[in-house]
Structure formats: C-alpha cells, structure tokens
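Below is one structure; the comments refer to it alone.
Order of writing sets the chain letters: A, B, C and D. Residues in each chain are counted from 1.
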Amino acid sequence: MQSKVVSLQEAIQEIQHGDTIFFGGIVENRRPVAAVCEMVRQQKRNLVLLGTCSIPGDLLIGAGCLGAYRGCYSSNGAFGISPNMKRWSEAGNLIIDDIGHLDLSLGLLATMAGCPFIATKSCLGTDVLNPAYDNLDKARELARNQDILPRKKYQLMEDPFFDMGTVQLFPAIKADVCICHVQQAGEQGTARIDGSLTFDHFAVHAARKVIITAEQVVPEEYLRQDPNRNQIPCTSVDMVVEVPWGGHPGQVYNFYDMDIPFLQDYAARCATEEGFQQWADEWIFDVKDHEGYLDKLGASRLERLRAIPPYGYVPRSKGGM
Amino acid sequence: MQSKVVSLQEAIQEIQHGDTIFFGGIVENRRPVAAVCEMVRQQKRNLVLLGTCSIPGDLLIGAGCLGAYRGCYSSNGAFGISPNMKRWSEAGNLIIDDIGHLDLSLGLLATMAGCPFIATKSCLGTDVLNPAYDNLDKARELARNQDILPRKKYQLMEDPFFDMGTVQLFPAIKADVCICHVQQAGEQGTARIDGSLTFDHFAVHAARKVIITAEQVVPEEYLRQDPNRNQIPCTSVDMVVEVPWGGHPGQVYNFYDMDIPFLQDYAARCATEEGFQQWADEWIFDVKDHEGYLDKLGASRLERLRAIPPYGYVPRSKGGM
Amino acid sequence: MADRYAQPGEYTPTEAMVIYAARFLKNFDGKKGLIGTGLPLVATQLAKKLYCPNMIIFVETGQYDANPPELPISIMDSRITYGSSWQMGDPEGLFPLSRDEIDFGFIGGAQIDKYGNVNSTFVGDDYNKPFKRLAGTAGAVDIGVFARTTVTLMAHQKRRVVEMVDYLTTPGWMVKKWPEGDLVRREELGLQGGPSAFVSTLGIMQFDDETKEMYVDKLFPGVSSAELQESTGFAIDVSRATETDLVLVEEVRMLREEIDPLNIYRMR
Amino acid sequence: MADRYAQPGEYTPTEAMVIYAARFLKNFDGKKGLIGTGLPLVATQLAKKLYCPNMIIFVETGQYDANPPELPISIMDSRITYGSSWQMGDPEGLFPLSRDEIDFGFIGGAQIDKYGNVNSTFVGDDYNKPFKRLAGTAGAVDIGVFARTTVTLMAHQKRRVVEMVDYLTTPGWMVKKWPEGDLVRREELGLQGGPSAFVSTLGIMQFDDETKEMYVDKLFPGVSSAELQESTGFAIDVSRATETDLVLVEEVRMLREEIDPLNIYRMR
C-alpha cells in the first residue's frame, strides 16, 4: 500500500467549501487544532460542523468558515462556553441543530455499522425532539452534499420486538470529511490512540475523506505488531500528516497536558469580535504555519507541558496545573 | 471492588437449566472449552445457544444439554460441520433458527448500545427471512426466560431518512449467560484479549451474567495501567476463573496454537453417537475436572503447542501444523 | 468537639453545596454512577474519599470504574484514563445508561424547574437568537432519560430555579410528549427513575411523591426558609424543611487541601 | 518454453480451480475484498503473491488489510492477526460490507444455482430434518447482499450446480422478495452488485447480462463442454465457452511449495 503521508497544507486543500465535517477528540482532549488553524488560513466557507464544538469549531465560527452546527456540546470545558459560538449564536448568526450526546453516538454507530437508523429512547420527553427547534433542514440547505444529511431528524414508532413502547428512530450521521488528531499513525494510515477515543473510532468510518494528523508518524510495521492496540485501520484513512503538538493548547494523552494559561487567554480575548480577530492574527495568520505557531510558543513552554509516565499528563505534584 | 475470582465449578453452578447462553470466541479460536466440559459434567438441560456452534455448542448438543440453537455458524472450521450438531439436526432432534452473521453482529451491537432494534438490509433476498424457516417461537418456548428473546424475528419497513427503500428491522440479541475465554483477566474482572475479539466485546454487555475464564488471572492494577488495551470492563463481569489451557483444543492467540490431531480425532469419533459417548467419557467424565484433562493431555504435548512471539501461534517453520 | 464543626462563613456556599452533595451520595455506595462535568466531579471525589469508597464511576468519555489519581479539570480531561478498567470513547461511555446499568446520574446545569427538569442548552425565548447560549445537551439528556435516578447540583438563584425551564434538556418528573409537547409524567413515556434531589447552595430539595413538585427537604446551616424562597423563581413548599447537620471541618479541609488545592474549580 | 506450462494430470482439478480463481482476482488488484473461509483463502494468497500484490484483504473475524505470514487454516485462525492493520471482532469484520467498502466478496459453498445464488445452510427439503446440515450463513449472506460483486468457488458436481438452491444463503441475480418469497431481480430490493463468476473444478461460469442465467465462459484445459454439462444439474449454455490459457508450472509450484506445503487444504 502506498504512503498516505502529505503536508498539512495539502491535506486541508482537499476540503471543499460547504463540506460537512467532523473533528475527532472532545473539548480539550486530542482535538485537531493545528489542522483547523490551517483551514482558517485557507478560508474554507459554509462548512457544516457535526459533533462537538470547543476550540476547533469555535475557530471556524470566529473566522466565518462555518454555516451551521449540528451537535451536542459547544463548551471549552473548564474555560466556558465556546466564546465565538456563544457570540455568534446569541446574535442569531449561526444555525444550530441540537441533538443528544447519545444521539451523536448512535448516529455514528449506525454509520459505522452501515445501517440507516437505529431505535432508542434517547431523547423522549426532551426538547431535542421539539419540532420548533428542528433546524436540520436549514443545515441541509447549506450543505454542498445534501444527501449526506437525513431527510428528517427522527421518527417515532412502537417497538415491535420487546414491548418497549414508543421509541425514536434516529438516523445515521455521515460526514464529507473527518479530521482526527492522534498519538501515532503509520504511513499507510493505521493509527493508535491513547486515552479517550471520543468518537474517532466510529467517525473515521462515517466520512468520505479521512485526514489523520499525528504527533508522530511511525513505521506502519511497528503498529501492525499489535493490531489489537490500534484504533483506526489504514483502510479508512486517506491522508496522514505528522503534526507534533498538533492538539495544543489541548492535551494529548501520553504526549502533553493542556496549556491552561493559553486556554484562559483564548477564552478572555475571544469574548469580543475584536479580541478574536487580534487573537487569530497573532496565532493563525501572522505565524504563517504550524511551525511558526510552535516557534512563537517557544520550546521551553512546550517542554513544561510534556506528559510524565505512567500517568500520561503532568501531575500537579510535578508542576502540572 | 471485591475479587470476583471463583472456581470453575462454582461459576458453572450459576447457570440454570433453560438459560439462553452465548460463548465467546469462534470456531477454533479462544472458545471456552473447559467451561463447557464442566457444564456437561453438571448436566445443564434445555439450554438455548445463541451465536455460533463449533466445539462448545457441539459438546452441549452431544451431551443432551441443548434444546435450541439460534445462530449463524455451526462448523468446526477446517474439521468439518460440528459433528453432533450435524447428527442431531439431521435426525430432526434440534431446533435451529438460522440468522446471518451480520444479524448476529447487529443484534449484539444493539444490545451493547441499549437499543431494541436496528435497521439493515442484511438478509434481504435470502431464506433467512423465509417465514417457513422461522423457528424463533420454538426456541422461545424452550427458554426459561422468554422475555429475553424478541417477539418476532424481523420486520420490514421503508427507510424514512435516506431513501434506501425497504429495510429490515432486526431486534437486539440478549442472553442470560455469557462465557468468554480470554488471555488475561484481573481479579475484579477487567479482561484483555489478543487476536480477534470475535463477539466478546459486545456480548459481555448483552448478558445478565458474565463468566470470564482466563489463561491467567493477573493483578487488576497491571491491566489498569493501559485501559486502552483492555477489551472487557470489570463492571460487566460477574465471575472470573483462572483456567490455563481453557481453550484447548482450540487456539488462544499469544498463548497456544490449536491441537490439530485432537481436533481431527474429535471430528472422526463424534461422527457417531457411540463415538461421542466414548469421547465424552474419556475427556469429560473420567478426568473429573480440568486439571485431570490437562494431566491426561500431558505436559509435553501442551508444550509443543505453546505460542512463539511475535507471531502468537506456532509457525509451521517452527514445528507448527 | 466544637472544632469538629465548621461554621457558616468558614466555608463558601459552593463548598457547602459540594459537601452536602457528597454526603447525599452515601446513598449510592457500591452503586454505579455516571458523573457529569464540573462540580459533580468534585463532589464525587470527596464522596469517594469520605463516604462511599465503593461507588463505581462511569464517565461519558468512555472510562469505566474510573479512579483518577488527581482531580480532573473536566470529564474530558485525560486524568480520568489512568487507573480505569476500560478506556473507550464517548459512545461506550454512554451505553451503560441505555443498557440500564446506571444507578444514578449526577449533573450540573443552568436552570432547574419545579419538576426537576434541567436546562443546559439555552436561556431565552428564541432558540435561533438565544439570550444566552449554553453548552448543549451532552450527557445531560441521556442521564435524565436512562439513569435510575438523578441528582442535580446548581447555585440557588431566582433565575436558575424556575417554574419551567426554557429548554428541557434533562427530563425530570413531568416531561414533554411529542409530537404535541404535552406535559406528561415521565413514566407515560416508559422512562424509569426521575430526580431524587436538587442540591443547591442553600439546601437540599426533593420532589413530592404525589404532585412531583419540588419541596425543600433541608436548609443548610444559617439559611432561612425566607432566603431560599426569595432565591427561587416559583412558590416553593418550605413547610417540610429541617436544618442539615453542620459541615465538618474535615470535609472543608479535604476539599481544600486534598481534592482541589489549586482551587481549579473556584469554590472559594 | 514448453516446460513453463503444466499439463492436465500434473495438477488436480482442485488446484486448477484455485489457480484460475487466483488469475480471476487480477481484476481486483488494489481493490478491497472480503474473503470467505476454505479455498478462497488459498486462492487469495496465491493471487497476492503472483498477480495482485495490492489487493486489500478484509476477514470477517475482524482483520483489516490482513497479511498473514503463513496460510491460515480457516478465516478464524489467529494466523491472520499479526501484520494486519486493525484487529477487532466479527462485527467490525463485517461492517465494511454494510458500509459499502468492499469491492468483491469471495466465497465457497455447497450449492450454486443458475442465478448464482449460493447455499451453505442445508441440503434437502425439510429445514427441520435436513438431508444434510451445513455450516450456516456466516458471512455468506452478508457478502452476497452488500459486496459490489462476488466470486464463488465450488467443486463442479451435478448435486452442487443446480437449477435452484435448496436454501438461498447468498443472494445471486434472482432472489426472494419477502414476505411472499417471489423471485425478483436483486436490484428490485435495492441490492447492488451481483455475482461476476463461478469458478469450478471444470471452468469459469459467468452470468448473461439479460437473463442473468449462468453460462460457461471458459473451460479448463482437457475439459469438454459435454463433461461440464454432464456435471451440471440444469441445461447450461456452453455455446460461448472457450478454453483457458494453460496452467503455469510456477503456479502449481507456488501452491505446493510455498502456499500449502503441508497440504492442509487437501488440494492434492
């Protein structure tokens, strides 16, 4: 099998305006931040984001790349609601279609299993099923590839098998592009994740194009000595990019811990439009590329974040925050 | 959390007549043979077997423990159709309800995800959906706990989400008892599998009672240093039994390869009722317990089967068969 | 013995909330809980150390029987991985709910109403232009639908403890039946469980067996019924309220010195 | 150059079947195949060594891009684990089919009919008391439903190559529409693909574009149309049959010396 290793610029060029996208990781954990900075540089437009927000989604919103968001969680965790998401949605400038966390899981599970839908009670009783809050059609109108989104948000039906009463049929969740940031990938695309897999192990099978950014590209044969320890098969991966510190300012288990001052600074500055623009100039546009971003951060700052075995993060007893 | 380690006899005593059971592993790979020999000794009756047959199911049939079989594969692989299964079913003495391999996978997936059913095209066009061959009700009548089996085998419906046309709703697959044989388990039940997980990683979440037999019981803390490498969480396990060579004559990846002469002998002798009875006397009843079985096999025979790293089996260049 | 007890003023209202929540979790020793992000995580850590060492913790980013060596900054923090029995992803983290394995769910939120419904999606009356956009559903929907019971933790403020939530994220006792959206008892939808308690910065609220409406079960030391009513957005039944036992010095010490020495959660 | 070719008699009919099947797989170099147990596994190994090194193999016990260092005894043999990209279980092994990732499926069976339907469940007319119980569906159902095309391998005998299979395990071109069981074209059920070839011990059969009925495309060296018709349970169209190229000495050598030196698969 040929090598799938490309540059970050090349990989991101494959993303089209209007694509429906999914990012691996969650909140501050293993998110493809470097890849998203490159998307901002390349000024992708009218994207539909599926899944969760946090820094990657928030950057796209602030930079005007995102048209709609369909997901279950738009928080930067301990650092507050994703600030651009908050500002844009409260101004009425972003289409949001809320689904449940289990919905997201089951939708990706269905796609991973090649099934059009699955039955659950996951949102019965809640406003997730409220027709007045159903923005799926609006998101669909924006999508370049409309067939990727289902015709309707859900359907109720009586369970014919176990007398469970009314259940909700929930459709598969599919994407044009999935970008995951992982610890290690082989040059053919086999990838190994440490810590929470979040949705990555399902999502890579739910997208037409899969980009893996990895802290390290390692020999494919090395990963194939213990295929039980790999989470992503090469057959579902289209491009591999080596991006050390590609999840900064978040954490990448066994590699580095989160950069709390950076995250706090982001939250504070992005509370206003001007603040975000300044931040983006400083950390995305002025640095030109990920190498520039790393150099601006500085080696000693990064070294302080480096994970300590066996914990996989920086324990507070060792100077972590 | 308390230790869940018990003896094989104690674990098997928890299985009731009429239980619906599922065995981990498949064909010659990581099957709980020692546990099933103990089930035969304890003369369980009217069991309903879900999943696949091969030696474990075949022993239960030959010994008169099984009332019905609902599954997708009843072969001992390279050693032919499971011989007791073949004899009994051809005599009209065994209720069989055939489902597809993907059906089995999706049914367990649905249960693992806590869903009553899932939509698929998996058996459209085939005789799996033939009402004349639907023996689910007969199997259900035999089961002690009838609610565990669905009210009907499948239902057809139009896909409302992606214009896929007619799809088949397939119900969750649940069991009273699941027995898996694994490489390593901690005393609290966390387990690590090498090689194919077969259905074990789903099935342990689909049974009310889960028994893990393991080649080695290792310190729970050891397994918890890399929880990404574990396949079964302690919370889904009720009992842990240390049973070295518990998958013989099959293979247990990284521990031992299959015992081909033994498997050939089984196939040959079990072609007749008398042959099976003799075999069972010799290898189940006369040896009293698993230790007796191992001593009868002999240490040198077992040593020849021991897996060689990094392959995890005995390569033919190193004397394997 | 006097110095065994801390007096109001020697701890913050947030610390009181976390401490009494930890005590409430005594009910769940040996049980399985799915714990939401934020202060529930802190209260759970305190409870495990002091009151229920055998509580089994699931986290929705895929850890089973989590035993983090130090306080995670959120439920997504990889501090939860090491020491857990199994580390998968979010789907596997949530499936114990839908499989009916979870004895209790423990969450925060932005609004709670008199039926124990919780809102963590948006505040306002226009979904497409909210007064305040919140984090969204996350596990809060699923915990409310599937767990055998739930406990909610929230600062007690008039704008938070309301007659009816602006958006029903976590189903409490009276929920919406679609497609019409009629308010019905949760059991009518085949949902088991329901909330057992709302632990606030002022007291512990429970729900009437008959009406399923919230009432005050306990007031924290130094909190009056009037003050609690004043901080509540609807007329709440305070007739059954009694005062809790005092906070222990040891509880405050544990929280400040061992659980969150860096005050990451800004409890003080 | 004469010794480049092996003559009939210098290889067995089973070896011929495996060798011509391996050649047929040339069509799938660089493609993704899901390979069934038994001789398809052997033919695939031979094909990868000689004709299509870039074929990507999936196995239904959960290996992706399998590269077994030596011939597995069946598809469940753990010899397939080492060297694969990913090792999960049977569900993950099958999902590439339902996700429409599989270019071709390659299976054996006990019966095949004129529409390419395959039976691996039972032979006889009483499901509850079969003349001969077989292994059951396994992946044979799923490969036939989902793969973009299928190739079937089977000894050519009158009782195996029949007008209509006793049990329709693997859907071919004309399949059963439930609940009535009417025979319809597979596309009427929304099933893509369909069988491209049946490689037997006597020749290679394909299916007419119009009628979807099996016809003889190639006869193996030394096999006559009459012999093939005699071994077929229905009147088969032999009018388009031509003879295959001769078997290569190297193909036989590779099979005997490198692929299956211990004759595990009893091909000779």
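By our rule, a residue touches a chain if its C-beta (ideal position, glycine included) is under 8 Å from a C-beta of that chain, and two chains touch if they have at least 3 such contacts.
This one's a predicted model, so the numbers in the text were calculated from it and none came from an experiment.
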What are the mutual neighbours of subunit A and subunit D in this structure?
B
Taking each chain's centre as the mean of its C-alpha atoms, which one ends up farthest from the centre of subunit D?
C
With contacts defined as at the top, give the pair, A-C or B-C, that has more of them.
A-C
For subunit B paired with subunit D, centre-to-centre distance based on mean C-alpha positions, whole Å:
28
When centres are defined as mean Cα positions, the distance from subunit A to subunit B in whole Å is 38
Compute the distance, rounded to whole Å, between the mean C-alpha positions of subunit B and subunit C.
41
Where subunit C touches two or more other chains simultaneously, the residues are 63, 81-82, 87, 91, 95, 97-98, 146
Show the residues in subunit A shared as contacts by 2 or more other chains, in ascending order.
105-106, 109, 113-115, 120, 164, 194-195, 197, 225, 228, 231, 310
Considering every pair of chains, which are in touch?
A-B, A-C, A-D, B-C, B-D
Complex interface listing, subunit A residues touching subunit C
26-29, 71-75, 77-78, 81, 85-86, 89-92, 95-96, 98-106, 108-109, 120-133, 135, 156, 164-166, 194-202, 251, 253, 258, 260, 310-313, 315-317, 321
If you look only at subunit A, which of its residues touch subunit D in the complex?
1, 111-115, 186, 188-190, 205, 220, 223-225, 227-228, 230-235
Applying the document's contact rule, which stretches of subunit D touch subunit B when the two form their complex?
37, 60-63, 69-70, 73-74, 76-82, 87-91, 93-95, 97-98, 121, 126-142, 144-146, 167-171, 175-179, 181, 186, 189-191, 261-262, 264
Residues of subunit B touching subunit A in their complex?
105-106, 109-110, 113-120, 147, 150-152, 155, 159-164, 167, 169, 171-172, 193-195, 197, 225, 228-229, 231, 310
Complex interface listing, subunit D residues touching subunit A
32, 54, 56, 58, 63-65, 67, 81-87, 91, 95-101, 146
